[in-house]
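Handing you this structure, nothing more for now.
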Amino acid sequence: MIELISKLEKLSLELVQKQDYLYKVEVKKEQLESLLLSFLNEFGYITLDSINCRDDLEEGNFVITYCLLTPKRDHVVMVQTSIERENASLPSIHTFWPQAEIMEREMHEMFGVDFPGHPTLIDFALEYWDNIPPLRRDFDTLQYVNDMNPFRGQRDDALDAKVEMKKKREAKKAAKLKAEQEAAAKAELETQNNPSQEVQNEE
Amino acid sequence: MMESGFHGCDLDDSLKCKLEESGTQNTHSVMEKAAAWFRSRSIFVVAYGTGCGAIEMPPTFTSRYDAERMGVVGVATPRQADLIILSGYLAYKTLRRVIRTYEQMQKPKYIITLGSCPINGGMYWDSYNTIKKLDDYLPVDVSVVGCMPRPEAVIDGFSLLQKRIKNGEKAGWEKYDENLDFYKKNQKRVLGNHVDPSYETDWYNLENGSEV
Amino acid sequence: MNSIFLLLNLLPILFLYQFGGDLHVSLSLTKEFTLSLSQTPLGTFFAYLSLISFLLVTIAQKSKKTSFSYYALQFLLSIAMLAIVLAGDFITFFIGWEIMTWSSYFLISKSSDIDTKSLQKYILFSLASAFSLIAGMVIAYSFANSFDFNVIQNSFHTMPFNIKVALIVLFSLSFFTKAGVIGLHYWVVDTYSKAPDLFSSILSAVMSKMGIYGLFLVYGHLVGYAELKDMFGVILNGTDFGYVLGWIGVITSIIATFKAITQDEVKRLLAYSSIAQLGYIIAVIGMGTSFGVAGAMYHTLIHTIIKLLLFINVAAIVAQTGKNKFSELGGLIYRTPVSFVMLLIGIIALAGMPPLGGFASKFMLYNAAIDSKFALILVGMLFSGAASFLYCYKLVYGIYLGHPTSKDLETQKEVPISYLIPQVILALLLVATGAFPGAFIKVINPILIEFSLNTIPYTSMGVMQSAVGNFNGLFIISAFVVIFVFILLLIWRIKSKAKNNLNRFDISYCGEVPSKNTQLHYGYGFGTDLYRIKFVNAILKRSSSPFYEALATQTKKTAGLLSRMYYGNIHNTMIIILLFFSALYFIGVN
Amino acid sequence: MIFQIILLIMLAYVVGFIYMGLYRNITARIQGRYGPTVYQTFYDSIKLFSKKNSVSYGWMFYLGPVIMATGAVLTLILVPVFSDSDFLRSVTTQGNLFLLLYLMVLGPLGNALAVGTGGNPFGVMGVVRGLTRLIGLELPFYIAVVGLIIASNSSDIVHIIDLQKTTGLNILVHPFLFIAAMISMVGFFGASPFDIPGAPQEVYSGPRTEFSGKFLALLMSQGSIFAFAKLVLIIDLFLGGADSLWMLVIKTFAIFITIIFIGIVYGRYKVEQAVDFLMKIPTLIGVIGLVRIIWFG
C-alpha cells in the first residue's frame, strides 16, 4: 500500500483512505485513461469491479468511480473523476477490461454518457428510449410515470384506507379499553369475594 | 371481480372498451357446448415467467400441487398453447414480447395474471419502465391476486377459468378482437411507434399509417 | 443445334430397336485382332440405359448455351459407351473404354470452375483403370490366345488358380476405380462436383455404371458365378468372394453416406451419395445368387434414374440461381414448386421409401443378402440406408425449404421447361417402378439365364416375388393414395380455419422478432451433431487424400532423382550409362 | 374389407389414446402425483381439433401431417393384428417386414418436409436431431428384425407368428434380439432416455414447434395409432401375436408398461450420447443374438 502511495505521489496524486479496506484517488479526466492503464499493468489491479456514476446536478457534473481490485481481494481502490454533465463523454476502457464494455453500455443508457470508440453502444435494458436518460436527476420519474402509466381508479365500493384504518384503530382502542375496564371490574369483584378464602388459606 | 378501469386515461370516449363484467352465454349449438367442455378439460399453458411469480409455477405443475390432474399442461411454444400465464410485473420490453407471444397463440386463447403488479403496478408503481395496468394492453381473463399467490390460489384461478370456459362466457380474445382499436392505441402509447411486426394484426398498423 | 443432336441421339436407340435383339457384327483386321459387336441381354439393358440417359440430358441442354464441340463430344461419348456394352471382344471394349475416358476428359475440362488438379486426378485414375484393364487383357490373351469374350470364357477354367485370381483382381480394380469404391474414390467427388452441371448427371448416372457393367461382364460372363463359387468356396449360403465384396460395398456405402451428410456443396453431396449407392450394388454383385444379380441390376436401374433426376434438378437450380451451396440456397419451394416436387420424388426414391421405385430395388438388395444369409452385411446396408435419410433431408431442405439466404432467391422464377421435361419423365418412371416392381423382373430373367442362374419367379407386374416374402407395389401405392386423400379430406372438412401465413418471419421464436439479418436457415447446422459421435467422427476425420498426396510427392521425388541423371554432372551420367551397358553385357554373356 | 380397416383404425385410435393417457397417468403416479385421467389425451385431441384457427405455411405444411398420418395408418393395416383369423389377412399379405421398416420412417420424413417449410430453425434442429438419433435407434432394431427374418427364413410376419407355435415364443428363443429391439422401442416411443428431438427445454418443442390446432391434433392422433401399430408389431414378432382382443390388450399392455418403466427412471441423453450408447450395448447384444442364429442356430 505504501508502495502504491509513493507511486501515485510521483504522478502527484493522493490516495485517501475512506474505510479500512477502501481507498480513493481523485484524478482529472485527461489523466484517467493513463492512470487506469498503469493500475492494470503496473500496480496489479487486474479486476474492474464496477463503474459507478453519480449525478451532481447542483454542481453540473457527473462523478464517475472505477472500483479496482487486486487478486488478493483485500481492499478496493476507487479511481474517481468528474466530468461535465453537458455532452458528457469519457474514453472507453473496454480494451483494458473486457467487462467494461457492458458497464459502459449501461451507463450510456442510464446517464447518457458517451464513450467514443465503444463498439456496441446500443440498447441495454431499455428499448427505443427517446426521453432523458432515466437515472439523470433532471428526469422527473413521477411525472413521467403519471403521464405514461396512470393509476388505476377506485372501485365504486372502495373504502378510504386512512379513514378505515382510523376507524379500525379507534374501534380497537375502544375494545381494549372496554376489556380493561371489564378486567378491572372483575378483579374488583374477585377481591370482594375472596377475602374469606384467603383467610381460609392462611388457616 | 375486478372492475375494468380507464380512469386517468386521456382517450376518446369512443375508444373506451366496454368489457362486460361476466357471462353472456356465447355457445349455442350442442357441438359448441361439447367443444367448450373439452376446452375446459384440456388447457395447454405457456408459462411466461415475468417477475417473481415464475417461482410459483414449478410447484404448481409438479408433484406437490400437480395441475396436470385438471388437464392443465405446460407446453413450450405459443402456437400450441391455449393459455398464457403472466406471472408478475411487465416492463415495456417484456410487454412487447408478451403481445407478440399472445398474438401468435391460436384462438381461443386466454390470459391469467399472477400477483398485484399486472393489476396496479404493485411495488413498481413508480417505475419508469413498468406498466401498471395490463388490462389496458391485453385482455386479461383471470387475475390471481397476492404477492405472490400460492399455488393453491393459482389452481383456484385455473378452476375459475375452466368454469368460465365451460359456461361459454365471453372470453378475452373475443374482446381483443372487438376492441382492437383500444388495445392497439394503448400499446402504442407506451411502446411508441416501434411496435414490432406481430403479423397477426399487422393490417391494423398499416391502416393507421405507422411504420412497421 | 440442340434438336440436331437430339435426333442424332435418337438414332442409336432406333438402330438398336430396329436391328437389335441379336446383333453380331465382326470386322477382322488381322488374324488375331478382330473387332466384333455381339449383343447380350446384359449389354442391351445397359445400352438402352445409357442411350436414354443421353437423350434426356440432351433435352435438358436445350435452354443452356452449349457449343458444337460439347455436343459432338457428348455424342462421341454415347457411341463409345454403346461400343463398350455391345463389345464382343476386349479390343472393341478397350477402344470404347479409351474413347470414353478421353471424350469425358475433354467434356469435364469445358467446365468453368474446373481446376488442373481435379482434371489430373481424373485422368490419372482413368489411366490407372485402363492400365489395369489392359494388363488383365494381355494376361487373358496369353492363356486364351484370343481377345474374344466367348473364347476367354471357355478357356478360363483351364487357367492356373493364381492367374485366375490375378485376372479377377486386375479387372475388379479397373472397374472399382470407375465405380468409385472407397479408397479408389479419390477422383470421384472432385470430378463430379466440378464437371459441367449437366455432365455430372452423365458421370454419376451412366459412366459409373460402365464400371458396374464391367464387373457384371467379368463375374457373370467371363468368370461365371459357378466358377467363382468353385474357386473361392462357400461361406453361409453365398460365395467367399461375395462375402469380401459385400463388406467392401457396405463399408464404401457407410463411409460415403456419412461423408455426404457433412458436405456443403450440393454436387459434392450427390457425388458421395453416388459412391454410397454404388456400394450397395458392389455389396451384392459377387454373391453369385439370382437375387444378388437381380438386386444389383435393379439398383443399377433405379440409381441411374434417381441420379439423372437429381443432377438435372440441381443443374437447373444452379443455372437459375448461380449458387451451388446449401448455405447459400434455401426457401425456393414456392418459387420453383415443380422442381421441388421432382426433387422430392427423387429423394423419396433415394431414401428407398415404399411407394416409389426406390423401395423395390432396396428390397431386392436385402433379399439378396437374406438369400445368402449375410446377416451382418444386411444390417450394414440397412444402417447405411438409415443414415442416408439425413442427407436426403439435407438435400431437399437446403435447397427448397427453410428461408432464402439472400435477396435474389426471393424473386426466382420456375426453371426453364426443357429442364423439367426429363425430370417429369424420370419421376414418372420412378412412380411406375414403384407401382409395378415386378415388371423389371422380366428384363432381369434373360440376364440370369445368360449367367446360367435360376430365374426369379414372376407372377404379375404389381407383385415382387422373393424367397422370403413378397410385396404388392400396386396395392401399396394405391392404398397410400386412398388413405392420403381420405385423411386430407377429413382434415380439409374440419372447421378449424387454416390461416395461411405468408410472412416467413412469423415463426415462434421465443417472443423475439427475427429480422432479415437473423440467420434462420439451418443449412450450416446439418451434420454438426455427427462430429460428436465417436464412431462417426472416426470416419469423418479420415480421408484418402493424405495417402494420395503423399504418393504424389514420393513419385515426384523419385522422378526428380531420376531426372538428375540428365542434367547433373556429366561424369556421373557417363558412369551410369557405362554401368548400364556393362550390366547388359553381363546379362547377355550369362 | 373397408369396414374392417375402419374398425381397426378406430380400435387403434381408442386403444392408442387410452395407452397414451395411461402413460401420463402412470408416470404421474410414479412421480407421486395424482395425474390426469386416462382420457386426457383424448380430450387434448378433441380440443385441438376444435380450435378456431390453426396456422399454416403453405401447401407443403398442410400435407406434412397428412403424410405422417398416412404412414401410420398404412403401417397399422399392414401389421397382422390377430394371428388365427382372417381379419384383414388379404391386406397384410401384400406387405412384408422390410416394407414395414421403411413405412415406419416414411411418416416422420414426410413431416420433416412440413417442418422445413414452416421455416422455424428450432423445428429443423429437432428434425436433424431426430434423424441423427434414428441412425443409432434403427441399428439394434434392424439387427433384431434381420435375425428373426433369417431364423424363420421369411419376411412375412404371418409366417413368423405361425412359426412361433412350433418353436416357442421368440422372446424365449431369441432373448438377445428381444432386448435389442426393446431398447430401440423405448426410443421409438419417444421415452427417456432417447427423447432429445422434441425436448422442450432444449429445442423449443422440436419438430412440433410450429404446429397448432388441427395439425397438432392430427399429429397426436397418428402418434397414438402409430404407437398401437408398433406395439402390435413387437408382440407379433416376439410374443407370438394375439388370437383374441383380450390377448391383444394384455400383451400390448405388458410391452407398454415395460417401456414406461424403462423410460421413467432415466434422464435424457444428448443426441451423440444416445447414438454412442445405442451403437455399443444394444448393438452388441443384438449382434450376439444374430451370430447365435447364423452360426449356432
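Labels for the chains are A, B, C and D, by order of writing; each one numbers its residues from 1.
Rule of thumb we're sticking to: a residue touches a chain if its C-beta (ideal position, glycine included) is under 8 Å from a C-beta of that chain, and two chains touch if they have at least 3 such contacts.
Please read these numbers as outputs of a predicted model, since none were measured by experiment.
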Of all the chains shown, whose C-alpha centre falls nearest the centre of every protein C-alpha atom combined?
D
Chain pair, most C-beta pairs within the contact cut-off:
C-D
I'd like to verify one number: the distance from the centre of chain A to the centre of chain C, where each centre is the average of its C-alpha atoms, in whole angstrom.
74
Averaging only over C-alpha atoms, locate the centres of chain A and chain D and give their separation in whole Å.
59
Roughly how many whole angstrom separate the Cα centroids of chain B and chain D?
38
Which chain D residues touch at least two other chains?
50-55, 204, 209-210, 213
Flagged in chain B as touching 2+ other chains are 77, 79
Of all possible chain pairs, which ones touch?
A-B, B-C, B-D, C-D
Mind listing the chain B positions that touch chain D in their complex?
35, 38-39, 41-42, 44, 62-63, 66, 68-69, 71, 73-77, 79-80, 82, 106-108
Contact residues on chain C for chain B in the complex?
501, 503, 505-506, 508, 511-513
Chain C-touching residues of chain D, taken from the complex the two chains share
49-58, 60, 62-63, 65-67, 69-70, 73-74, 77, 91, 94-99, 101-103, 105-106, 109, 112-113, 116-122, 124-125, 127-129, 131-132, 134-136, 138-139, 142-143, 146-147, 149-150, 153-156, 159, 204, 209-210, 213-215, 218, 270-272, 275-276, 279, 287, 290, 293-294
Listed in rising order, chain C residues that touch chain D in their complex are 236, 331, 333-334, 340, 344, 351-354, 359, 362-363, 366, 370, 373, 375-376, 378-379, 382-383, 386-387, 389-390, 392-393, 396-397, 400-403, 466-472, 475-476, 479-480, 483-484, 487-488, 491, 494-501, 504, 506-510, 519-522, 525-526, 529-530, 532-536
Touch list for chain A against partner chain B, complex
125-128, 130, 134, 139, 141-142, 144-145, 148-156
